[in-house]
């Protein structure tokens, strides 16, 4: 049975999020909001970790994929859901849920396609060059969205509003669980060790038969997909989105989570996502001192725990070799 | 800088009415947020000094959204569910008000935005109000004023990052070109830019009679300086986004003879306004700008409505706010229409001898 | 001759420098060939040409009749050519075992979806891979260091791990770049045994670059000598040792073998 | 000249040296041999301050244990590290200039550079090539040449013959002896090629898993059957 | 035509200010191999230091001709910021020596946020007018073209710093040590280089350059506020990458290219269907296009790794 721990954990996670979701109506709206934020940040950070941590590519543009997913999913919900829901058997919990799920996945796919388009030419760049190109892509996405027509489908600088609040506990944590499962089982397999090999030494990886480009693109596209998904969830949680919410500073936030958690450590990154999201709320009471405290914590944390919160703690325990 | 608000986390008890406020106290638009917060706080202090409302003291809980989109919604939720606020004030920026509005609406907490001028803000529902005019109106005012000056050829310079500026320019363009004017050049920039020479050179080539610069004062001041450097002498015209202390400090001589529309003029001789200006100056050391006045008015209208409703329950308070009619605020006579927007006149101000002076009032 | 590796008139230039010029030689299946020459003669460059790290300026390289240039390194590896690196290039953050397993990825029949399913077939495949990897490590006496980080191995063990990792790709031709560097004479003796052993066991062709003449002369069936990128001699160890040009350019004196 | 007592070094949990003691008299060549992982490189790293160590290191009567590497270099101890560590993107010439970083006498530098070029003509040929693109052996030559430019009084060589062609190995060792004899340079030599090392040195230490196993005059060690079997591959 | 020339001039001056900031950026990167996101904030501090000094010394300076007082303020601010840069390095970055570069990057983000928000607390959120250290008067010229004194000074300073910096990095011993250190810090200590000193020097020099950039920038665009460093910092970073990170002439070239293209897009993009609003993204588009064809930047050396 031990072999299937991962699958069982996934199913349990799905069931638990479903259960909590039913109870969430009676939860405090603010605390629920924090919880959902945590979940969304987990998806963002775990997926970015696949790119930055496991594959060793340095992307600074995760928020762009989040934006693409957020806009994609929202536009689908705003424009097409109404037509789709009757086809699914009228407005019922099931039909609404399915339509939302389709919107999210669609958003994810849009982001994945963008990820592919950006990744193909730019992944041959190394280190900081890739970082700046992804950061550039991030800004380009924002600028393009900002310059769309205010009356058009993208809403110009004001963005989209009136997005229905479909995001529930279940959707966030179900997708977070799926994301963790996918990333962790991708990396912890013989196939997935290729990601780590590419990170450590691309030339050697190539000489060991590893198609480095394919791996990098796979990581990038998968990461983008989940970022897009998270974007969709975010849009349907906040109900309004605007381009400036997805600028490169947002990407920085996600990178901070990843590095604080420990590059390449899924568990660490999850811990960091929780910690930073909650810390952010906790620091609110400090008003103008908040960011000063936050930045100091960041600097101190890097000095005292440079290897991250939970370094090199593999998510699935490797079977001990004989 | 603003002091830490002392009532943080104060829980509701039978002797206080808790009011929430969302403002950008830090980050890129902190100047607006801090001004409006100062105004709001002043209103609260005054009402408390006068014995409070319904026999209770008002407690204001302010949350900072760091000028970041995405944060305003969270803090609105926090205020509603944690601080159990009875009403919500804020935000200055429309995109943030748009995040808060559906939350306030869903929770049945009346919300008054002091200065969000985007038309869509109050569309969220019947709990969402504003006490300022809206972008289309201000853009139109700019156009009416320009036409009245006999300017037939105008260039538009928009901050394409700011929905506010885009909205003003849209309205201006529509009105101006259907009423006999020609827009001879359109240029844009992004908030935070410092160099406008390229845009201005292009505009100079079109030889306009005036430039409608719909952005905020931070950039407008630099635009004016650079325009003069390039030898452009025609006046600049803008909206209430120009209102800020550093417009003249930075713009200096370059601002001479430029015009902008605003909610109020702190030069206004009416005693109510002068008293407000005096009190504000005593407390903060600077003259109040429009954001401060609007922050003050938004709180005062809320208090007035609470008084009239004699209740802080959502529906009753909502109806009372909606019934606001001819309220004499610092920023003019305020009447809320069926769309929960304020129908107010705008004043046109001009810079003369290094001072902002009142020129005329344009009614809706 | 279509089997094995064949280089014909291969040339590569770096700017003005001709690192390899009109070089031709071949390695037949199962053969153990030495490639020697002074420092900077172009030996490592030849490896880089064969494995697709560099593309020749001119000339042809065929492996089992298929042209090699233009192919990506990973494609060449999949054709059955594996190598070690003169400057050790292990996957430094991976454990010893994972270094080997990473190289075994080439043999996976199924891809990424499969590793997501984590079904019985997947587990069977993983188990088989682990078994193979440990078996290989065992040959080189590294099985007890499975969980150690590859960086913490000493220099000699890192060299051995390089060989194991190359073997894990199941090559038909193994290119070894100075495998004995940094080993003392008795360790070199062991290494020679091991190279012979794996050659037989896995039916490998081996192309060996090495400066230790005892090793080269001791195990190679045939030796090619290059200087300034050009072949100056080729033959059996005996012939090479007596070749005056080789002595002058490279050996200095005849070595006793 | 250099006296080491009870040197201990560990890398995290791994104990690499437990109590190494050795003595290098002025003007001598002393060699350190041992199997892979014995701790030879670690010993040199400890001496040049690259790794933290406990124990005492006395150089010309002064404690140098715990000093920063650059402080140790400024006392004319020079370490040619394992793995060469040339500055990949600097040219050969610039690498040599880095070697002379602490030298002030321009004339001496020029003379010594010529000497290095005379020692390794290949370096002269490739003066302006980026060091990183040089072949393995060429880089090794550069590393040695660079060390000579720092005008050392005490030179630590970690496997100088690594990756060097036989003809050149011989000539490098001849030079080492020559420098030692002519310039009175003291040399601590770590070498896998124990035969050669014992030939050129006067005294030798055999290191095994972080401890000194054997020591003695080189000729004696070379004759020792245990050493022959374990390290000389007889 | 006249307008086009004016636009080119606009672009040239805009570009030279980017180049000026990029120089320091690229030098610090070249040596330490990490993106110092706080560079833009030291730039901001430079402007504020000059602002403060000008206020403090107003009486004394008023008597002096402007070039003298400019030089005094410039040098004093540069020195103060250099000290600050060294301090930042000592407190925040030095403990992370030998740590993965990404950690240092996060620390840099932390330092950047710290400076920005402390700045906001200390200086207030609103912009301040920057004193006219350099007369903003136009140098009258033919045919309606305008160039101001400040612009000329910026251009000249950029050129001087470009050559000065290149001399330091390529021709001096310190420069050699900087380059060696960037390639292999272990080996450089083995050559007798005191890495800490070199790193402190680099930071000090970089911060002084940032401060100079900040002051000249504020002289061109006379308003300063705590977040003023973000955008130019980003642009300078792009310029540095575009030219090949670590390459000093490359940074200058990158700055000029970005400045000129941006200006032309703003001025003429409309005629080919590019909204002026897109000009913000132009720098990135150029960057991506160039990197796709030349992955190590315009003048960047291909870091050929010997396998």
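Letters A, B, C, D and E name the chains as they come in the text, with residue numbers starting at 1 for each one.
Heads up, the rule we're going with is that contacts are C-beta pairs under 8 Å (C-beta built on N, C-alpha and C of every residue); 3 or more make two chains touch, one makes a residue touch a chain.
By chain, with names taken from UniProt: A, E = Branched-chain amino acid ABC transporter permease; C, D = ABC transporter ATP-binding protein.
Nothing here was measured: the structure is a model prediction, and the numbers come from that model.
J.: What are the mutual neighbours of subunit D and subunit E in this structure?
T.: Intersection of subunit D and subunit E contact lists gives C.
J.: From subunit B, what is the lowest number of touch steps before subunit C is reached?
T.: 2
J.: Using C-alpha centres only, name the chain that sits farthest from subunit A.
T.: D
J.: How many angstrom lie between the CA centroids of subunit C and subunit D, rounded to a whole number?
T.: Their C-alpha centroids are separated by 29 Å.
J.: Between subunit B and subunit E, what distance separates the C-alpha centroids? Give it in angstrom.
T.: The mean C-alpha positions of subunit B and subunit E differ by 35 Å.
J.: Where the CA atoms of subunit C average out and where those of subunit E average out, how many Å apart are those spots?
T.: Going by mean C-alpha positions, subunit C sits 48 Å from subunit E.
J.: Report, in whole Å, the distance between the mean C-alpha point of subunit B and the mean C-alpha point of subunit D.
T.: Centres of subunit B and subunit D (C-alpha means) sit 74 Å apart.
J.: Quick one: which residues in subunit D touch 2 or more of the other chains?
T.: 133-135
J.: Please output the residue numbers of subunit B that touch at least 2 other chains, ranges allowed.
T.: Correct list: 1, 26, 160-161, 190.
J.: Any chance you could list the residues of subunit A touching two or more other chains?
T.: 143, 146-147, 203, 288, 291, in rising order.
J.: Following the definition at the start, I'd like every touching pair of chains, please.
T.: Contact pairs between chains: A-B, A-C, A-E, B-E, C-D, C-E, D-E.
J.: Would you tell me which residues of subunit E are touching subunit C in their complex?
T.: So the residues of subunit E in touch with subunit C come to 306-307.
J.: If you look only at subunit B, which of its residues touch subunit A in the complex?
T.: That would be residues 1-2, 4-5, 8-9, 25-26, 62-64, 66, 68-70, 73-75, 77-78, 80-82, 94-95, 98-99, 102-103, 106-107, 118, 120, 124, 160-163, 166-167, 170, 190 of subunit B.
J.: Using the touch definition up top, name the residues of subunit E that touch subunit A in the complex.
T.: For subunit E paired with subunit A, touching residues are 29, 35, 92, 95-96, 99-100, 102-107, 109-114, 116-118, 120-121, 234, 237-238, 241, 245, 275, 277-278, 280-281, 283-285, 287-288, 291-292, 295-297, 305, 307.
J.: What residues of subunit A sit close enough to touch subunit C in their complex?
T.: 3-4, 6-7, 181-182, 185-186, 189-194, 196-197, 199-201, 203-213, 218, 264, 319-322
J.: Which of the residues in subunit E come into contact with subunit D in the complex?
T.: Those residues of subunit E that touch subunit D are 173, 176-177, 179-180, 183-184, 186-195, 301, 303-306.
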